[in-house]
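What follows is a set of structures for review.
Common to both upcoming complexes is subunit A, partnered first by subunit B, then by subunit C.
Let's look at the complex of A and B:
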């Protein structure tokens, strides 16, 4: 027995691109179901929205740099959708977070100027839109930084972080706080849950306050709460009487989980469904039209029929695209044609690990509306798109948000056109 | 012993683990106790040692409650909970299974003993001295939310019932909770199915073996589930669907018995697995086809809904939410806390009761904050735990639909 359900649109993938597309579709009146094999990259990402950080020199003003960037990269997702499509998606995201389940938690910034924020190892990274809890870390400020480590959080190395911030020209030092969490080690998530608790914060401040020097701002690993991060962060600033900012951690990422929680809540509020654990295996078609996707559900498969499909399954890292042992790359659900593959005989990888890697720009071939070329009704968003190298450009979340939003708009416009006709 | 080839199949999934920690964010147990180091450590990481007979921490894996949220969250398809179930079995093979676990894993035995003497049994279960004694002697926590015997069996009602005999045939798999503790829920399931045009058959059936499996008694669990599959398979063979309200038990039939107990090749179970539906899954599909009756009368009530872990393991989302949204007047608040903590028999155990209560604390707080007077939830042991943790009644979603149909 195979189950069968009907929706206007099915979105495959529950990362930022998939959720953004699904929310926009649901808000546009479509009946939407999101299918995902597991939780997406939100839980691993730092929670900042990096739109354009390097070209390859560091970008100060993304809005000003984008027209030239897309001119030089005609195959880039930003070039396909046009740089003007980015700002509305960012505004939309900021609004969703602000009315999300985390009271008062908001993002700050935009395309005018990148924030320059320290990473977990203290390297300075440009981000357009960032959680308010991170903004005070901007490297343009010369206010000395005190990086606070916690012995229980073994994955955060305060002295390494402080050393690299110093190297960027900002006075910085590290301190370590002993705080009892009832176990010998905890990850960021475990600590974030603790920081939601006011009495825990009070005890923490009691230990930390003694170690701080006048005039320092405080860098903490991004563990300041999950349910109420704005409350936790404000409370720490008030108690310490100085600026406090979060520094992204190794996974799991509390700021990333806040994004996931807010987007899923927005999807629910807009009437969309989310089905986790349901791996999409293949599709049903009629000619160029995909009429449904077959998901692996326990016991029997379920066909999710839909008029529109948004593919937000990611690239190589997420399994949206695979490279076989025969060197053939393929899109894993529909077998869609790829673009950007090095030709036979050309180099696929180069020895410089962080250098230009020919395979990096491989993605599903789409037209300028992000529709997969061989299909009538499949749209592609996020890291499955070709032409971008997010880790070199500092563009991953920007692409996810902008193309997720754009793909949904494209669907809604065609749906609207069909309704008028 | 477990077939090596089968175990290898399960184990091969661990090579997909990229140590991303997403499973850690889903685990309700590791969140509240250092005794369980988390699914990544106890699962794929420790398995690499266990696979080669190297020393690995044995005690922690028993604290995995088997909820399966790690497997569902994993973006790489690693069978984390299933690997942990195997590791638990291996430890219990060596160290032995306590009498308590052998007892509470057999709802059939408990039900048959308790039902005829329900008033006395229920009084004992309420009496403090008896519970203290049971805790000391058996290790069942004195405050654990053990259910009350109904004093009658669902099957007795089912046998006496006058089936209408018209409509599409469907087989009802009611599970032990309905049989011994909540026969009224079973009666409502039958009424809702009949209202929607089904001719409900209730064949002779027994426990699915899930509690035995989760307590590491794989051999006994296999006997139970294979016997049940043999009883249900003749019906499934002609295309009839099997539907159940006990969401953990339908999941056992659909997937867990096949994956965890290595019964992928049992033809009866394969057939039953394909034909089995969770009741809300079935009704949502009916609604999708325009065949669900929607003659719902208003139910003026604020209801909180918790999708239990094992319901989530069906990988079908939360169909109950869609169904409850059809009832006029019903104000449903979805709770997003992961787990109530009970995990079948886990929270009954003396050494695990507090862990289960701590794991459920977030859910209990959300119920409190929701303003709901009633909590809807698809699994019976979870409902007992929610009632224990929130002092509010907890019902199966089907009970609310039954109420709205005014049957």
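Let's look at the complex of A and C:
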């Protein structure tokens, strides 16, 4: 049995790009439904908003670097939408988080200056906008760092992190705290839930306080709460009487899940709908318009009719684009044509891991309004766009936010034009 | 300069060299083994993992088939813990010459390869992914063998009997005085320190590199033509039995299930340089097509990585010499350079296959003993290796079984290969290594579907936390690992494995930013 539903816009994909587009559409008055096969990249990403970190040398001031960067990369999503489109999207994001379901949790920073934050190996990574819970890690500060590990968490190794922070010129050392979580291993998600609990934090501080030296700031893996991260973090700072900061590590990512929770709450507050576990099977078309998306949800198929489609399914990592063993690549939902594919006979990848990889910049071909070239009403946002190598540029969340916002804006403008016509 | 002295110096730490060291040590000889890299990193560590029944050679090379058939039984007994008793099938696909099947059965009978013809329907019941168009099927006792476990069991057995095993020691000179070889100078490739090893007899078990070692001893014409072959590891076991095409051996006609993966092999392309590991995209594509013939849908499965190995194919180019002076079979070559070249105290053992490593070692040490004038009987066919005493084969579920028992008292560091933290810490201690790649071979760390995506950071952190390595070495280890992994991964990046690789890129370049470590 196939049922049928009608929306103004259907967004496919529930990463930062899809959610940002859907929220903007809903707030603009559109009836929106987000379809997603599963949760998106939020749960894998560190939760920071990286706009431009490397070009390839490290970027200190993204706002100043962006005009030159887009000049040198005319196919980059930032070049398509213009660098001026980034800041409003960041502001919007920060505001959404602040009024989100995690009381007091907020982001800090912006395009003027990148934070320089240690990663779990202690490399220093540039990010424009970061959770307040990470900001005290900035490598420009020379305050000594005590990196705190927990043996139960196999995804964070304090000694290596401290070793590399030291190599970056900041006094640092590592300690390990034994905590009892009832089993020998826990991941970031399990620990983050524990840190939401005040009595757990009190016990943790009881063990940690003895190990700290005067004047040290404290680095902890990014597990300081999921429901109430601001509460957990400020409680730890108060109890320890010093600055505490989170260091993101391997997935699952607690800061990423906070982003997801805040954005989904904002979507719902604006009247949007989210259907998870909805695998898109095929689409209905009229000429070069896509008029509906047929998705398989639990037990039955539903056709979601819509005037506008926003495709935010991501690139190869999330399955939005696939490469077959016959070396043919395809966009998996609509079969849209791709841009940036190496020509037949050209190398697809090269042997140097850190070198140029020709397949890296493949994405859906769009015009300057992010409309997919061969369609009338499909807009593309996020990692499905061509021309970027976000994991190397340090630009992933910046692209997702800015293009998600931009695509929604483009839809709303055309919707508005249609309404007034 | 430090000096070691021994009865026997073995050059080469593959299966043959380790086998020679174990055999000689069991006979009470004092042995030093040197290997330029880690043990089993040359040809031995770069093969598909097949313990031959002999069926593959039953028609083309009967003496090799006979040898394999005999040694298969011996290895199953003495190295049971390294062997998985997968069994093997030879199947005639629609692409094979139908007349070959009868020649195959006849060849097996003549060479003593146990072989039973079964109904194709039965073969398909046992291996449902096989090409449903098969017309004949023969069951043989092929198996798969975990080579690093085998070579380390041999080396540790030899060490327990006094042998000194020196990985990461490369030969820089072979000591020759007049017509006598009396050892070699070796350099520790990690410290740069040199060491003289004085030995009554030197055995070059250096496989495809045997010509280079012989030349160092001033002996010409030991020509080993390296035959390069590619192998592709596929995620998961598409088959649980070794599957061979029933045809004369050719490219891409065998799939070996080993541990959590299966490996398709191989090609055979002559090369001049045994260290040539070039991977040619057209060969990869052809191999995937070959896989499709045996297992429809093969090309949709995840390919984890591709690598190459070189077979040592010996051809003696000594002019007017007394060649083939010993009873060498076509499968391997043992050269007594006293008889061949008038040089005493020097032997070369090359050619052959992993399945016959023990026989090669036995013949070599027999010849060594003969030259030393001290005949001592070989006992390697009766003496099980450590871990294999109870004669039980390795089973693919063993690690999971152990893991289930210890669920509550140990962390899992590598989910793909089910490696617990204590096992890693123990291995770091006994091996005395701080090298991620050494640990990879000993534990199969990072060899599963995610190719180290999660565990390599964890293990680098554990190593560093144990004070095993300083920060620059941990950084270099991590970066080397991701670079090396990529070399075997990029030629087979498509489908879900590309997705996996992209996730790994996000983790290592995005979240951890290892590229910008200082």
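Rule of thumb we're sticking to: the second predicted complex is superposed on the first by the 419 of 421 C-alpha atoms of A that agree within 3 Å, B and C clash if a C-alpha of one lies under 4 Å from a C-alpha of the other, contacts with A are read in each partner's own complex, and residues count from 1 in each chain.
We take it that a contact is a pair of C-beta atoms (placed from the backbone, for glycine too) under 8 Å apart; a residue touches a chain by one contact, two chains touch by 3 or more.
For clarity, every value in this text was computed on a predicted model and none was experimentally measured.
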Would you sort A:38 into first (subunit B), second (subunit C), both or neither based on which partner it touches?
first
Quick one: classify A:164 as touching subunit B (first), subunit C (second), both or neither.
second
One more residue to check, A:302. First (subunit B), second (subunit C), both or neither?
first
Comparison of subunit B and subunit C by subunit A residues contacted:
C
On the A-aligned overlay, A:273 touches which partner chain: subunit B = first, subunit C = second, or both, or neither?
first
Scan A:3 for contacts with subunit B and subunit C and give back first, second, both or neither.
first
Touch check for A:319: first (subunit B), second (subunit C), both, or neither?
both
Where does A:184 make contact in the superposed view: on subunit B (first), on subunit C (second), on both, or on neither?
both
Just subunit B (first), just subunit C (second), both, or neither: which does A:251 touch?
both
After superposition on chain A, the subunit A residues reached by both subunit B and subunit C are 41, 44, 183-184, 251, 318-319
List the residues on subunit C that touch subunit A in their complex, please.
288, 299-300, 303, 408-413, 421, 454, 457-458, 460-462, 464-465, 470-472, 474-475, 478, 482-483, 485-487, 490-491, 493-495, 498-499, 502-503, 505-507, 509-518
Under the definition above, what is the set of subunit A residues touching subunit C in their complex?
41, 44-46, 54, 58, 119-125, 149, 152, 154-160, 163-164, 166-168, 174, 176, 183-185, 248-251, 253, 315-319, 322-327, 348-354, 359, 390-392, 394, 396
Within the complex, which stretch of subunit A touches subunit B?
1, 3-6, 33, 36-41, 43-44, 182-184, 187, 189-190, 193, 251-252, 257, 261, 264-265, 268, 273-279, 295-300, 302, 318-319
Residue ranges of subunit B touching subunit A (in the complex, touch as defined)
20-22, 24-26, 31, 34, 71-77, 239, 241, 251, 253-255, 273-277, 281, 284-285, 288-289, 312-318, 322, 334, 336
